[in-house]
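The two complexes that follow have subunit A in common; it is paired with subunit B in the first and with subunit C in the second.
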Partner chain A sequence: MGKFVRLGVAEKSLLVVILLQVIVIQSLSNQFLTSNNLMSILNVSSLNIIFAVGLLVVLLAGGIDISFAVACSVVQYVTASLMVSIGGGNWAIAVFSGVAVGVILSWINAGIIMKFRIVSIVVTIATFNIYFGLLMFFTRGTSIYNLPAWWTDRLILWEHQSEKGVWTELTLPVVVMFFAVIATWLLLARTNLGRQIYAFGDSLLAAERVGIDITRTYLIAYGWLGLMVGIGAIVQVHYAQEVVPNALYGRELDVLAAAVLGGARLGGGSGSVLGVVLGVLVITITQSGLNLVGASPYAYRMIVGAVILMAIVGYSRPFSSLLAKGLRKFGSGS
Partner chain B sequence: MLKLLRFGLKAVAVGAIILSLSTLALAQDNPRIGLVVKVGGLPWFNAMEQGLQEKGAELGLVGQMIGPTSADPALQVRAIEDLIAQGVEVIGVVPNDAAALEPVLKKAMDQGIKVITHESPDQENAHWDFEMVSAKGFGEAHAELFAKVTGGKGPYALYVGSLTVPLHNLWADYALEYLAANYPDMTLIGDRYGVAESVDDSRQTALDLMAANPDLVGFLTFGSQGPIGAGRAVEERRVADTVQIVGSFSPGQGMKLLKAGAIDGGYMWNPRQAGEVFATLADMLLNDIEIVDGMTIDGLGEVHPDFENGNIIVDQLQPITTSTVDELAAMGL
Partner chain C sequence: MVNHSDQPCLVPLVQLQNISVRFEGVKALDGVEFSLEAGEIHCLAGENGSGKSTLIKVMTGVYKPTPDGKILVEGEHVDEMTPLEARAVKIGTIWQDLALFPHMTVYENIAITQILGNNPKIVNLKNLRSIAHDALSKLGVDIPLEEKVGSLPISQRQLVAIARALAQDCRVLIMDEANASLTHAETLKLTEIVRRLSERGISIVFVSHRLAEVLEISHRVTVLRDGRLVGVFPTQGMTQSRLSELMTGRTFANQSPRVRRANTEVVLQVVGCSRRGEFDDVCLSLQRGEILGFTGLLGAGRTELALTLFGMKRPDSGKLLLNGKRLRLRSNIEAISSGIAYLSEDRLQLGLVQEQSIASNIVAASLKSAMLGPFLSGRTLADIVSSWVRELKIKIGNAEDAINTLSGGNQQRAAIAKWLATNPQVLILDAPTVGVDVGARASIFRIVANLAKSGMSIIIISDEVPEVYFNCDRVLHFSSGKIKGEYFPQDCTVSDLERAVYG
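Presenting the complex of A and B:
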């Protein structure tokens, strides 16, 4: 398990914050530590986690992608239109089409970045506008509600009814998220490729000197995000039961913020799968906790911001050294 | 490569000139009305655009709708700035935040542009605001239906589109007042939740609130995506029989949930008709036709305007039930 459990500063700080949240929310509402609430938190985090582990690979390689969320909407439209035009389709065709379109859109980004050596944020802001513009132009903003039943019927892989009659369910998005997390961890921690991606983001020059193939590494990093976008597209339609052109607009910033909160460094070379998963969870738990304890919705944004700040201050260098100094003083004083 | 780039730039420049010439040609012929809605891409506003275009064509107006990518007041301000720069004759707005638009609407009026708003009573710096239903009528009709389907007692949650949408909050105020006066056994949990403009947010909040309040009897929601999101959540938790949902929604989008019993009903008005009214009022303003008490206006019926605050409010409630939903959905709503 090595890398997966070795905790960095960011992971530790986030775990502490989550622990504090759980204690506060549980003591105020008594509803947090129930199986159906915990499952529901996984449920609502699943899409963001799928996106976040994909984005992590790109961030590690020193890139960034602003366009992936709207690319995901493009994938949904193309796939949904394809399914409708072939008169139904099935999971295999949908996943294949989704992943293919997702990877192609992601490789367009990678291709432009590499070919013209342009900073990735600039390229993906441009493609973000192009993808969303194309989507709005061709769809005229109309949604698709009539989707095949196999796609939108809920798949429950495990269920349990409590004595009070509350159902706890393990649904498809959570299972898919689990596989996405494990696969990304295997890629990064257990393969040569993963080590190369880290090295690449750490120092492009050094990576090139030791003979890492730049083109291949970039295509793999962006291709991985494209894969997650394709899978995420199918999953989001599955639970939302409709395709709405601007449903995912703005999601890119939520995911990026969560990934950075989880310790993924902008500029590359540092970050972990566990970190970004915790980053997403901290934000979901905060929002869900506010609902559980019955806090005023007028205060939501303020509290979410404060929690993010708390987690980040927790793993900043000045804070760690302050803490260390404090502990030393405390140690010598006693 | 450089050659290709130069060629590309030329092509774009030529294209831009042709485009601006063609819009210029149109501008000379017909007065233009620019309609800024809350968010683009929602079926509701697509229907409104349809009404605007059709009625506009009939009256000789060129209608254009701008739908911002998110429900952000700043994006609406920018869209209106763009319309002023284009020199349109009439601006119509469905505001996300009434106060945020005041300065830019003043600027439009100062330049002689006619301003019409919708879903924003008492709007400052507008010639007229029109409402297809009165806030009181709409809020109370929903409250009464909600009380009926929930049995009139127990804890419930209230959604609005966002905490700054004036009309949603006014409906919510009237509904709360009505429930408090007539059904004292119903208790509101938390405060109102500003999530009903997003399916995902409405669904997540509903899941959380049901977990926190096991005896919740229902969701009363104002904002078109609220019933859909809450309906999905209720279906997921398999509590459609015990948790009731009442609110206004797009019939095509909510048809399945309504028939499955997850959503229990609601009222609406016809956004397509509202789009038509934008064109009709624009035409009246441009032709200096005075609006007087008791007159009949196409799409609004007999009106009794509130001249002091510039409101024209009528009551055209359309119930959404299992028997009306098919017909409404067939209209593209």
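Presenting the complex of A and C:
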């Protein structure tokens, strides 16, 4: 039958890290392995995972995007204003509008990168500022709270009350996140377009030689991120019950760091859906764990930064060689 | 079915007629003819810069010939050859860089056409694997299908590239310098595979400058020189020296090795240097005013050793001595200030900054000598540039023009000027004639000979054996990271050395 999932260095290491984290946090706090806490980790991670799988597709194609998080805020604001102005709307219109705006903003990035042949990081830092600037200018920083009821009514797909009376809920973002992950996995692993994205990011020269359409591949990659941004925008509004223009500012770096932690190679050609999902989870678990053991919230960024740095050093030289080197040193030092 | 031709066998599979290619006014190819029979192994021979690669790029639609040229496939005129059209008429190419995807699996690389196409579709991995498996078994080789191509040795990657062409059912297979990085044993295996493909009716175009192997394997050889056709010859009865003459236009009989020189003091000494996986226990010495040649196959460790002498790699063990003193190089900056210069084999990407001016390129390594306090002296820089342009007879318009406006030979002279401006004792030239036309090569070697006469010690690295044979005082043969032999050109023939290198 062949192996269904082939684990790379990043995925294996992250699984080990998560296991260690669970053991340590559980032994320190005894509250980690509760269904309530686990579900809340999923709830908190959902939007970042939706973003991360979208970003993964762009990273695989050798691109990068800094603007997607503020683009997501633009999508939210445009869609919420639209819903208010048409007197309510419904899920279908909101999703359609969200995806349309998300894809357009993403294709603006792709278009500029392709047309003027500018490095994607430079282009998307510029559009990051433009999108955020426009948003703050037109909203004057005000939030929208009077959203239609269908949007903000809690959709609880599964719930459970423990003996102590604590509720565990499976919410809409988690379900959407699962679909986003599976769809992205199918795209990347099982379709010709996904394989072309891998090939394109792996070797531009070889991709040109075998006849892969460069522009098309780029549009598909950025379009997919736009799709995820649009969907993420709608479910995030549902989850947060409000639209705050600067709520997602800064999220792009968290997601990018999680993707790289998950083994996505900057420059393209390497990275997996499972890897980036684990990458996001490691960061959320770290945060949750620090919370549970009562560490200072100010320590959080520092520790996350250190975790990412260690992971990336680890991937760039295989663990086995580091270990061998360490042992040799240990042996000769004694 | 009506047979349009009475004697279909007489129509060659591929015919190129009166092909010329111009790059910005310079003729890269000039009225060249080429024809390929079905099942034939045809060698395209010529020195670097003779137009071999340009010709195969015309054949595969990468370059457009001028309108008076014609391309015919099975006697049918092809209006416009494009890469897509080439694939449609089943012309496959194995480029020197192989055009593989290192992070993808062997089977995906082989069955790459299955994942192409603009319409979304689900990829049938089982189908991909079986296509790859079939192609590999046609070749008679066994490579794990799930392996990432980047983790395979170069010889196996080559087989993956060939399997890819087979999976596309190619009738013509063009192999561009396919054996450049293979050992003799690997080349023999490749030869065997090429024979088998030809027996299946696949035509092979072999581009190579390893004459012995080419003569052994191919049926006919087309020789190019300076973008022109020298002729098409059956390989039966062709000798290596005759072919060399045809390629270079010089008879080696008239060319003689350098005159034997008297020993002088040792400048540079390498004592038992090793670097894991690159070179092993290398000992050599270089005398003042000596020209020492390094030859051997690609990947024999020559360039790696040169980079070690230039401080860009550090040896795992062994030591370097310069003028009898221990030399510990931590970087190439230290190497340059100790008087060692290294001309990169990759002039295009590493040797010169293509977009920058001729002047900036020439002074790039010697800015220190033009410092006036904390500032650069424009006048000193201009003096350095003009003196080297004069000295090396570099043909330039304006020193501020971008260096990529110069011809290959002039670019190489500018690159040499850059290193001469650092006033080196030891000058290492790695593949100094790649992409330099035949006439300009001779003048580069004249420059080198004059530098040696003035007391500079020079190392020339080249995989073209005649080049080191006729231009060096002494030649070291590298193989798998070791020095296999030392040759004095006065005491052996060029064929002795070629036999040693190519096995």
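Convention: the second predicted complex is superposed on the first by the 304 of 334 C-alpha atoms of A that agree within 3 Å, B and C clash if a C-alpha of one lies under 4 Å from a C-alpha of the other, contacts with A are read in each partner's own complex, and residues count from 1 in each chain.
FYI, a residue touches a chain if its C-beta (ideal position, glycine included) is under 8 Å from a C-beta of that chain, and two chains touch if they have at least 3 such contacts.
Source: prediction; values computed, not measured.
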Superposed partners subunit B and subunit C on subunit A - clash or fit: fit
First (subunit B), second (subunit C), both or neither: which does A:Gly269 touch? second
Partner touching more residues of subunit A, whether subunit B or subunit C: B
With the two complexes superposed on chain A, say which partner A:Glu169 touches: subunit B (first), subunit C (second), both, or neither. first
Touching A:His160, do we find subunit B (first), subunit C (second), both, or neither? neither
Return first, second, both or neither, reflecting whether A:Tyr249 touches subunit B, subunit C, both chains, or no partner chain. first
Minimum Cα separation between subunit B and subunit C after superposition, in Å, equals 21
Please identify the positions on subunit A that touch both subunit B and subunit C, taking each partner from its own complex. none
Using the touch rule from the top, collect the residues of subunit C that touch subunit A in their complex. 83-84, 87, 95, 97-104, 108, 112-118, 120-123, 125, 146
Can you list the subunit A residues touching subunit C in their complex? 6, 190-193, 195-196, 198-199, 202-203, 205-207, 209-213, 216, 269-270
Which stretch or stretches of subunit B touch subunit A in the complex? 39-43, 45-46, 67, 69-70, 163, 189-195, 199-200, 203-205, 207-209, 211-212, 214, 232, 235-238, 252-253, 256
Where on subunit A does subunit B make contact in their complex? 29, 31, 34, 36-37, 40, 43-44, 132, 136, 139-143, 145, 154, 164, 166-167, 169, 171, 239-242, 244-247, 249-250, 287-288, 291-298
